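Below are two complexes that have chain A in common, paired first with chain B and then with chain C.
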Partner chain A sequence: MTGIIWTENILQALAAGLLVGTIYGLMCVGLALIFGVMRVINFAQGDFMMLGMYAAFYIFGALGVSAVFGTSAGPYVAAILAGPVLFCIGYLTHKVLISHVSGTRTAHLEGEGHYAQLILTLGIALILTNGAMLFFGSFLYSLQTPLSTSAWELGPFWGDYVSVFVNKARGISAAISLGVIAVLAWMIGNSRIGRALRASADNPTAAIYMGVNVDKSHRIAFALGVAITAVAGGLLATNYPFHPYVGLEYVIVMYAGVVLGGMGSIIGAFWGGMTIGLVQQMSTLILPTQLQNTAIFVFFLLIVFFRPQGFFGRVVERT
Partner chain B sequence: MEALKINRRDLLKSTAATAALAYGMAGASAFAQTPAEVEVGLIVPLSGIYARPGQVMRMGAEMAIEDINAAGGIGSLGGAKLKLVIVDAGDSTEKSKNAAQRMVAEHTNLVAASGAYLSSFTLAVTEVTERAGLPVLTLSYSDLITSRGFKYVFQTSATAASQAEQSLPVVIDLATRATGSKPKSVAIVTDNTAASVASVKPMRERLLKELGIELVVDETFTPPLADATPLVQRIRSARPDLVFFLPTVISDAKLMLEKLNEFGLGQGRIPLISFGIAIAEPDLLKTMNPALVEGVMTCVGNWGFKGHEALIKRIKDKYNEPWMTQNAISTYGDMWIIKEALESAKKADKEAVAQALRTVDMDGGPARYFPGGKLKFDENGRRVGAGLTIVQWRNGIPSTVAPANIAMAEPYWPKK
Partner chain C sequence: MLRISGLSAGYSRIPVLNDLSVEVGEGQFVSIVGPNGAGKSTLFKTISGTVTPMAGSVTFEGRDLLSVAPDRRPHLGIAHVPEGRQVFASLSVMENLQMGAYTEAGRRDWKDNLDRILTWLPVLAERRNQPAGTLSGGEQQMVAIGRGLASSPKLLMLDEPSMGLAPAIADFIFDKLIEIRRQSKLTILLVEQRVAEALDSADHGYVLEAGRVVLEGNTRTLRADDRIRQAYLGM
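On to the complex of A and B.
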């Protein structure tokens, strides 16, 4: 009987880890896109995710998506629509603020603009958090859907025992996350914008000589990165209540995921996020639950110690 | 008879003297009409993940200040009005401690304060206020708050251990009467904040054994949870008769209730008894289906109860709060306790107010805003005979169901 319970516990933790990890992965991809193309560490990424959650919430309720699509499909439509809204906000943020301390304008700045970038993105994070507190208040909200309280039961696999519950809301969120990553991967690999992004990332000077508008590519990368994380936020909000400070809870996960995957690697960031989800959920099988987050960072330190470049990072800096 | 000689210099002198006298009299009369305001502090989290409960505490304090001032202020100080000084305790113990330091340094006229929501924050804040000699009233639960030998801390709620001791027999009795047999096993799922840890300690060490109940799951988590699956999976494997759940963050309450439902254990299939107010906060309804929380009981230090109907209506009208949580009613009561202390201290001085709080002994007055006991603090600063309230979700509203003398509804056992 103990073996059966253990089997069920392991399978359940694995399922929870995969579901949580996929969302973490999508969040990390957004951050990695910004870092990979622009080499800007965006400390405000968690707060853009928070804005994505509020955007999805208002699209779902106030803009009538819930009335048109219902409470089952509506939250996912709203989460996806939050992407274009945050794309515009990200585009404007880059144009008005970030572009002054990044890209082709950094030659005259100390440390190639990295100090200014850190301070600026931290400042944006503070403004967004406190602005949201003033504007939206301290109330908790979520995109309420009946799917978040029901599950697909897989099994029982062993007589009446060993069932795995897959939460419907998290399951659909995970599927949409994979879809968004697939579309992004296709876009970067095959589209004209994707080629411009890759050229701007690999060698901005050469890209300029070849007629690529590097500043515009950076702007698109920033906006796209913010939009992807916002979609992840919207998907998370179907299950997780949010407030203006929710970004702080996730920004560390995003950074850990990006570093685990290898700084600059977009697919690596996905696997980094996935690893964090799996470690967070599966560590409870052998460690006390209150050490869930400690387990993430012990694992993170081990990876940084044995493989400093991360899963998919390159050892040699790009030329 | 010598002729009265007045030169210009004398005239100027006498005019100046008359003007000064007139000004002084006018000033004195003005002071007599409007005595200086008395500053009272409220140090609560107004930013970060605990901002919402902090804001509700602020509502309670503001309502009380409004009522006290409308009723004529502090009679023994010539009708002096109270002025609320609000300080943001932030979202960590470090920030709370810094906020307390800022409060005592910048507001030297404070006579007393109330705060700081989370027991962990109150422990940090009172380390500072104790040294500054500023009396602080608190609704926090942790036994540690009033077991450090401090002289300027006054705990109005029953301590966490006392609440566990008072509530467990009531809950077990209710379960036994409703189901016909006494629960045999229990799961404890608690976060690791100071109040929760203090509530669980006597249960693990003594109370469950005394009641003949086996502890089959004992899980402690760090809030906020990302997912409640591992916790609920443990419950599913052990199938206890009851779950004792001690969250501090509302999101944890939501995740747990939804996950129990998802695993087919919710809505009374395994009855869940909570401790603390997180599971009865109005915000919970903004994030989840009310049906999932119906029948859930929670043991709380204080709640809007019988006799508070007018206050509950006011907070609804004024702030759109659907009911009066402990955060609102206890902070409201704290301001009235400070008012009583000022009345007997007869001066706006923190040391005199602290002394008045140590010696106050009343049955009525502000005691009516707290369950059980009276308005009297023991040598540790604990309110003598402090009771608790058991609150149950009924038709989408958490109502006080025990003790019977202050209950607004009858309790029922949610077992299916």
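On to the complex of A and C.
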């Protein structure tokens, strides 16, 4: 009998891990565009995600999305709409601030450009956190949908004993995440703008010789990265309550995911985020829940120790 | 077509180019030769806009080029095949060519250009799906030239296409340039350290030393010039 309970628990944790991992994957893909591809260190990424959560919340409530789409589909529509809103915020942030410490302006500085990025984005993070505190207060918000408390039952398997419950809210969030990643992967891989983004990241000077406005490419990549993480935030908010400081919890997970996946790889970042979701959920089988983030970093250290370039990273440095 | 006059440029106030004047007429093949450090690459970077000059003017088809943003210049019809090839290493050969066709004209003529490029440089067709960074130096040079041609340029600027290549491969590249030029009637501006090949391919030449033009003229006359024969051709 204990064997059956264990099997069920493991399958349950696996299912939860896959779902949460997919959303984390989306979150990491957003950062991968900024950090992995454009090589901008953005400490404010978690706080842009927090803004995405609030944006989804207010779009849902105030803009009538809940009235049009109902309480079940509404939060998802709101989470997706948080993307364009944060795209604009990201675009402006890059234009006004980040562009001064990144891209062609610091191309000749090699590593030096990163110091200014560290300080600037840390400052943005503080302003966003404290600004959110001022505007939204310290209450816990959540983007509740009736789906958060209902589940699909898979199974029963092996006679009548083992069945797995899939939370509907998480299931839909994961499906939307996969959809967003598929669209993004297609765009980066095949479209004219995607090719220009990759070329600008690969060799900015040569990209200028091709007639690409490299600074604008960087701005679009930054805004897109912010928007994608914001959508992930909106999706997470359907299951987890949030507050102005929530960014800090996620930004570390995001960097871990991007590094795990391998710098510069979008798909790698997705698998990095997925791994973190799985480790986090599986660890609850044997460790107290409070230690789930510790489990993530123990695993992270092991991977970095044995495979420093990450899952999908290239061993050879780019020339 | 391209007129450079009184150009002075350099890095951090140290001048590399000194009151330089160069002219390229439509349909001409012009070579600029000279030793390392003469300022050849700086000249190209000034034309492309990655170096801002201290004095002088650059006009292209009568238009002041210096007032055009660097990333808009390719759209006017100037293709720069940079020193050291500078292919997009992580992009496939085909994607590198597509990046060349980023200009308005390049997009319009993409199909025709691609056919011509792959006929001239068939090795690119064989390697089309390979990341450009995994190619040999000679192949990367062909990617860089193909990428330049894909933009449908009026003026093709080549910065030391023979650099770092085995002599046989460098010869092959020069032969290709002559073939491409003959068939396309393209205007070409070439800078080279390999003086003999550069002068043989072109119809007009400039000799650059320490940022100044020390000799210029018809390439046949230049080849016969004693100073050139002694200093560069070892005769």
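Please note the rule applied: the second predicted complex is superposed on the first by the 308 of 319 C-alpha atoms of A that agree within 3 Å, B and C clash if a C-alpha of one lies under 4 Å from a C-alpha of the other, contacts with A are read in each partner's own complex, and residues count from 1 in each chain.
The rule is short, and it goes like this: a residue touches a chain if its C-beta (ideal position, glycine included) is under 8 Å from a C-beta of that chain, and two chains touch if they have at least 3 such contacts.
Nothing here was measured: the structure is a model prediction, and the numbers come from that model.
Enquirer: Superpose on chain A as described above, then tell me if chain B and chain C fit or clash.
Expert: After superposition on chain A, which the two structures share, chain B sits beside chain C with no clash.
Enquirer: Which partner does A:198 contact after superposing on A: first (chain B), second (chain C), both, neither?
Expert: A:198 contacts chain C only, not chain B.
Enquirer: Once the structures are superposed on A, label A:214 by its partner contacts, choosing first (chain B), second (chain C), both or neither.
Expert: second
Enquirer: Identify the partner contact of A:206: answer first if only chain B is touched, second if only chain C is, both if each is, neither if none is.
Expert: second
Enquirer: To be precise, I mean the smallest distance between any C-alpha of chain B and any C-alpha of chain C in the superposed model; what is it in Å?
Expert: 37
Enquirer: Enumerate the residues of chain A that count as touching chain B in its complex and touching chain C in the other.
Expert: none
Enquirer: Tell me, which parts of chain B touch chain A in their complex?
Expert: Within the complex, chain B touches chain A at residues 47-49, 51-52, 54-55, 91, 192, 219-222, 224, 226-227, 229-231, 233-234, 237, 250-251, 254-255, 258-259, 261-263, 266, 283-284, 286-289, 292.
Enquirer: Given the complex with chain A, which residues does chain C contribute to the contact?
Expert: Going by the criterion above, the answer is residues 48-50, 69-75, 79-80, 82, 86-91, 95, 98-100, 102-103, 133, 147, 151.
Enquirer: Residue numbers of chain A touching chain C in their complex, please.
Expert: Result: residues 192, 195-196, 198-199, 202-203, 205-214, 264, 318-319 of chain A touch chain C.
Enquirer: Could you please specify the touching residues of chain A with respect to chain B in the complex?
Expert: So the residues of chain A touching chain B come out as 5, 8-9, 12-13, 15-16, 19-20, 130, 133, 138-142, 144, 146, 148-151, 165, 167, 170, 239-241, 243, 245, 249, 280-281, 284-285, 288-293.
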